[in-house]
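Heads up, the next two complexes both have chain A, just with different partners, chain B and then chain C.
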Partner chain A sequence: MNLYNNFFFVAFPYVAVIMFLIGTIYRYRATKFKYSSIASQFLETRRLYWGSVPFHWGIIFLFFGHLTAFLVPRYVLLWNQQPLRLAILEITAFVAGILTFLGLINLFYRRLSNPRIKKVTNYADIILEILLLTEIFFGLWVAYAYRWGSSWFAVVIAPYLKSIFEFNPQTDAIVMLPLVVQLHIIFAFLILLLIPFTRLVHLLVFPLSYLWRPYQKVIWNWNRKKIRNPKMGWTIHKPQNN
Partner chain B sequence: MDVRSQTAMLFHLDKCIGCHTCSIACKNIWTDRKGAEYMWWNNVETKPGTGYPTKWENQSIYKGGWKKDGKENISLRGSGKFKGLLNIFHNPYLPVIDDYYEPWTYKYLDLIESPQGDDQPTAIPVSLLTGKPLDIKSGPNWDDDLSGTPEYARKDPNFENLSPAEQEAMFQLEKMAMFYLPRICNHCLNPACVASCPSGAIYKRGEDGVVLINQKVCRAWRMCVTACPYKKSYYNWGTGKSEKCILCYPRLEAGYAPACMHSCVGRIRYLGVLLYDADKIKDAASAPDNELIEKQLDLILDPFDENVIRMAKENGIADSTIFAAQTSPIYKFVKVWGIGLPLHAEYRTLPMLFYVAPLLPVMATLSTTDNATQAGKLDPIAKFWDKNHLYDTATESIWGTIEQARFPLQYLANMFGTGNEEMIKSVLKKQLAVRIHRRSITVGDIDKNLVAKALIDVGLTPKAADDIYYLTSLAKFDDRFNIPPAHREQALEMLENTGDLKGSNGFGFKEAPMRGM
Partner chain C sequence: MCKNFLVILICFYSLTVSLNAQNQGDQLFLQRCKVCHTIGDGKLIGPDLANIQNRRTKEWIIKFVQSSQSLIKSGDSVAVAVFNQHNKVVMPDQDLNANQIKSIIEFIAINSPDANNPSQKTPAQIFSPALVTNLDIERGRKIFDGTSRLTNNGPSCISCHNVNYAGMFNGGLLAIDLTGAFTRLGAAGIDGILRNPPFPSMVNGFGSSPLTDEEVKSLLAFLYETNKKSALQFSSLQLQFTLLLGIVVGLNIVLIVLLIRWHSVKKYSTNLR
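Coming up: the complex of A and B.
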């Protein structure tokens, strides 16, 4: 049992985080041309709408929900002190979970049934979608069967995750959890590990900086003013647009 | 004044024969790849017609270009910072591949390998997307030469403000006229594609104004496809990156004309440098509709003006480029003679590809005649009717063919004059004046006073008319394409530091163009 726990809740999370970091840096530097969300809307747009929109907004909500509970568990507990507020939070999160799940099912069905989309599907896409489906399914199950997740996340999971990042992993509480909660955690790290090696890389480059850059962009490959200045040395830095 | 240089283009529509050689030249070099089969960075459309992608000019469908907000500002119609990021998971205005066409090939092997039988074997079309047999429903120039057809020509978005009577007139068999419209990326001064790209992958190259997409930065957010009102940014469904016309910059840097221009059979294409004032771009792009073209042409600076030359040099523009601007055929057509106009200036991207509007579909008036009595009067050699002309190209008044044009000028005005008919008239009259002038010289059957009056009317000197004639009809390769040296010794360095890569295995793009993981 101890071996099992140490492997899945201590060793594996570290492996996942390290692989994620190394993989991300490698992918970003070495395979820039393949770094893309490889959207397929151009081939099929109607079904994508019913899949992509609920999935993405749902998962963004869930992601930030988990992140808040991890970063500021105290405030989540404070919020949850009133039963009404707890109910609002839990119901919203559960609805977001359902939306994400249904959206992803739609996307998965589209991927397998549309002959055009099938052509641009590879194994990584399928594995990833199955993993995500399972992960969201576990999440929904946990939320439904072991209430109230938003509260006990703050007291059980948040300290565990914090201990991981403090290089002092404490798994005592985790090992007591029901199996599906454990699976939800393990799958989460597995997905984290896979981010750099799948199309999920696109979430790392969500173009928020668009909001503050000027609309137009002009790049001079050669600053002719500078290269004519005899005082200037040879520059080895090429202008780049990222 | 912030002087910059732009490699600009001009297409003379009267000369385009619709042969599509340009499209093929481009396709063979740049888009003959998986995911790009459907792309035609250069395409030629029949007008009136719906074009490629279907009805691309209808911005209520495609939401391309800029629109005016209030007095001062413009905003992107279907993308932009907030709309773009909100619609990033599903862009409601993204054209899909069926708006262009589903690319296909034929199963040629069947021709050879089919078993012996009673019928000729056929090569059935198969989709290049799915590999399955395909019932071809559209193609890149599907409405080629189909002017007048209800399915295509009548759905042309440029008919919007034409009266039903005017529209009908264009579809009567005897009155029908058409022309070809070759299109490439306009390498705009206020490019909507650049502005719409969330990852900032698209940029305008400072040196020559070519608009490019960095393939390593594009992340398939596909907003440029929506934003470009000319639909000249294409999404490669294979690699998950957008692509567009690069104005053959590797050729330009080596001193060659772009492939479409080099191969143009009708010699309709011109390329040269324009100097412009980048400080005025915003002002010009947000001008009221009726001043748009005027303001856009005002951006273009006089390359002989000493002040302009000084400021250009200060901005690091090479002497060779300034010289090219002074000898630029585009400058002559657009600024000196004033017969080059941008296509759909109302999209406010300040396109740098200009068109000489076609005179031919306008010329000739028609009168209804009784065919039976006419038949006898046909001159068998000259093939014209001596009286009661059915197809009359003779002119009683000088501008008769333009004043009573066979083709509603409003249609041309919608394309090249932001709806202003007078602008088109002036361009067409100038062209007609050149013809009258040249005819008086070569045939000599026109009254000298009439010729002089025609030229004065349009404000051209005989010398200018001769120059227009020369550049239109006789110009040699080097007159049509005035490419400034990119300074070849620096050209490669525009892409990469060769010094860094000495001893390595080569320059340029080294990743296999395949779909990412």
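Coming up: the complex of A and C.
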């Protein structure tokens, strides 16, 4: 049991963080043009909207929620001091969890069912989506079965994560947690480890500058309404952008 | 499929067993130890076990409890000395595993008097059901649900624990339900846990932000009252319903926003419009 605990809650987090750091730097230097989400919006748009938008709204809320509870646990506890505020936070987080889960199911279905998307899918995408689905499922399970996670995260998980970053891992409280909470933590580190090797790298190169850069005017110099048979040769212009 | 189901069942079983093992110290002590030992009330047939966790290592205690004679025969000087001090009365081997013995040690630790100030009276020693006032109970309730901030900024009990008490906001489910805690642990047990928490999660929360004696006293009063009325209280479904309603409303709001945005989203490539 000690071996299991030491591996998953001491060694593995460090392996994940180191792999994340080295892998990220290596991939950015070695394959800079693949350092993106490898968007498939040009291939399919309708289902993407109902998958990608709820997924991203949910995951961004959850990511920053977990980050806040880790960085300033005291203030989360202060917020939760009034039961009404605690309920509002928990309900919002649970809604975000469901949005993320449903959005990801939609994206996964799209990836497996749409022939155009299947063409640009690799094993890493499938593995990553299954891992994310499992992780979010565990998260929802924890939130439902062991309620007020926002409060006990601040008391139990935040000190553990802090101890990891202080190079003095304290796992006493973690090893006493229910199995599903432990699995949620282990899967989180596994996903962190996989970030550099999957399309998840895009979260590190979010194009924030798009928010303030001027609009770009795109000019097409052929008839855009004309439907082109992709099997025919180019009669107008061969695309020059790739 | 069948195999997977079996594996899941085994996992759940082991989880349940390991969680149960953490809470059986009190029962085991009553069944196996109380005949010959006390916690702080002096020697019986065997020694007083108060604060034994400070005098011996857990490993040593586990070995001694499982087979005291084996340890004595192996020449362990401490075991031999204990044996001689207690008139060479043989302690029977106990068929307990390490986790069960650890849970007994935990029980002893939380029920032992304060080793540093044995003369100072603890809130549990002062506590008397006859002296519990409504003010104490109300104060304890507010400390429990967090509406009263703790003096040293510790977390509220509601973060991890639930109690069934009329008008009380439902508590967390990470740790054990405290509705019947007074019967299980008594004033001394609760007091011991609150002032010297043996559980790592509680150490995280209260290690550097301990409860004051006044707060412990109020919590004892509240838990006593909760325990007394526990037969009349039922788990409230109102909160579950409110939470569910909140989630459904929240999801609907998001759905409406998504539908509004859907109108302006580009749905086809340019040459298909």
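One rule holds in what follows: the second predicted complex is superposed on the first by the 208 of 242 C-alpha atoms of A that agree within 3 Å, B and C clash if a C-alpha of one lies under 4 Å from a C-alpha of the other, contacts with A are read in each partner's own complex, and residues count from 1 in each chain.
Keep this in mind: a contact is a pair of C-beta atoms (placed from the backbone, for glycine too) under 8 Å apart; a residue touches a chain by one contact, two chains touch by 3 or more.
Values in this document were obtained by computation on a predicted structure and should not be read as measured data.
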Message: Is A:T92 touching anything from chain B or chain C once the two structures are fitted on A? First, second, both or neither.
response: second
Task: Determine, under the contact definition given at the top, whether A:V53 touches first (chain B), second (chain C), both, or neither.
output: both
Message: So in the superposed three-chain picture, is A:N106 touching just chain B, just chain C, both, or none of them (first/second/both/neither)?
response: neither
Chain B versus chain C as contact partner of A:S37, first or second or both or neither: first
- prompt: In the superposed arrangement, does chain B or chain C reach more residues of chain A?
  reply: B
Task: Determine, under the contact definition given at the top, whether A:N80 touches first (chain B), second (chain C), both, or neither.
output: second
Message: Quick check for you: in the superposed arrangement, does A:L179 touch first (chain B), second (chain C), both or neither?
response: second
Message: Quick check for you: in the superposed arrangement, does A:T45 touch first (chain B), second (chain C), both or neither?
response: both
Query: Where on chain A do the contacts with chain B and the contacts with chain C coincide?
result: 42, 45, 49, 53, 57, 224-226, 228
- line: chain B residues touching chain A in their complex are 80-81, 84-85, 88-92, 94-97, 129-132, 190-191, 194-195, 197-207, 214-222, 225, 235, 237-241, 281, 314-318, 490, 493-497, 499-500, 509, 511, 513-517
Chain A contact footprint on chain C (complex, rising order): 11, 15, 19, 22, 145-147, 149, 153, 155-156, 158-160, 169-174, 199-201, 203-205, 242-243, 246-247, 250-251, 254, 258, 261-262, 265-273
- line: Interface with chain C, chain A side, in the complex: residues 42, 45-46, 49-50, 53-54, 57, 74, 77, 80-83, 86-88, 90-92, 94-95, 98-99, 145-149, 151-152, 154-156, 159, 172-173, 176-179, 224-228
Query: Of all residues in chain A, which touch chain B in the complex?
result: 31-45, 48-49, 52-53, 55-57, 115-116, 118-120, 122, 124, 197-199, 201-202, 205, 207-211, 213, 215-226, 228, 234, 236, 238, 240-242
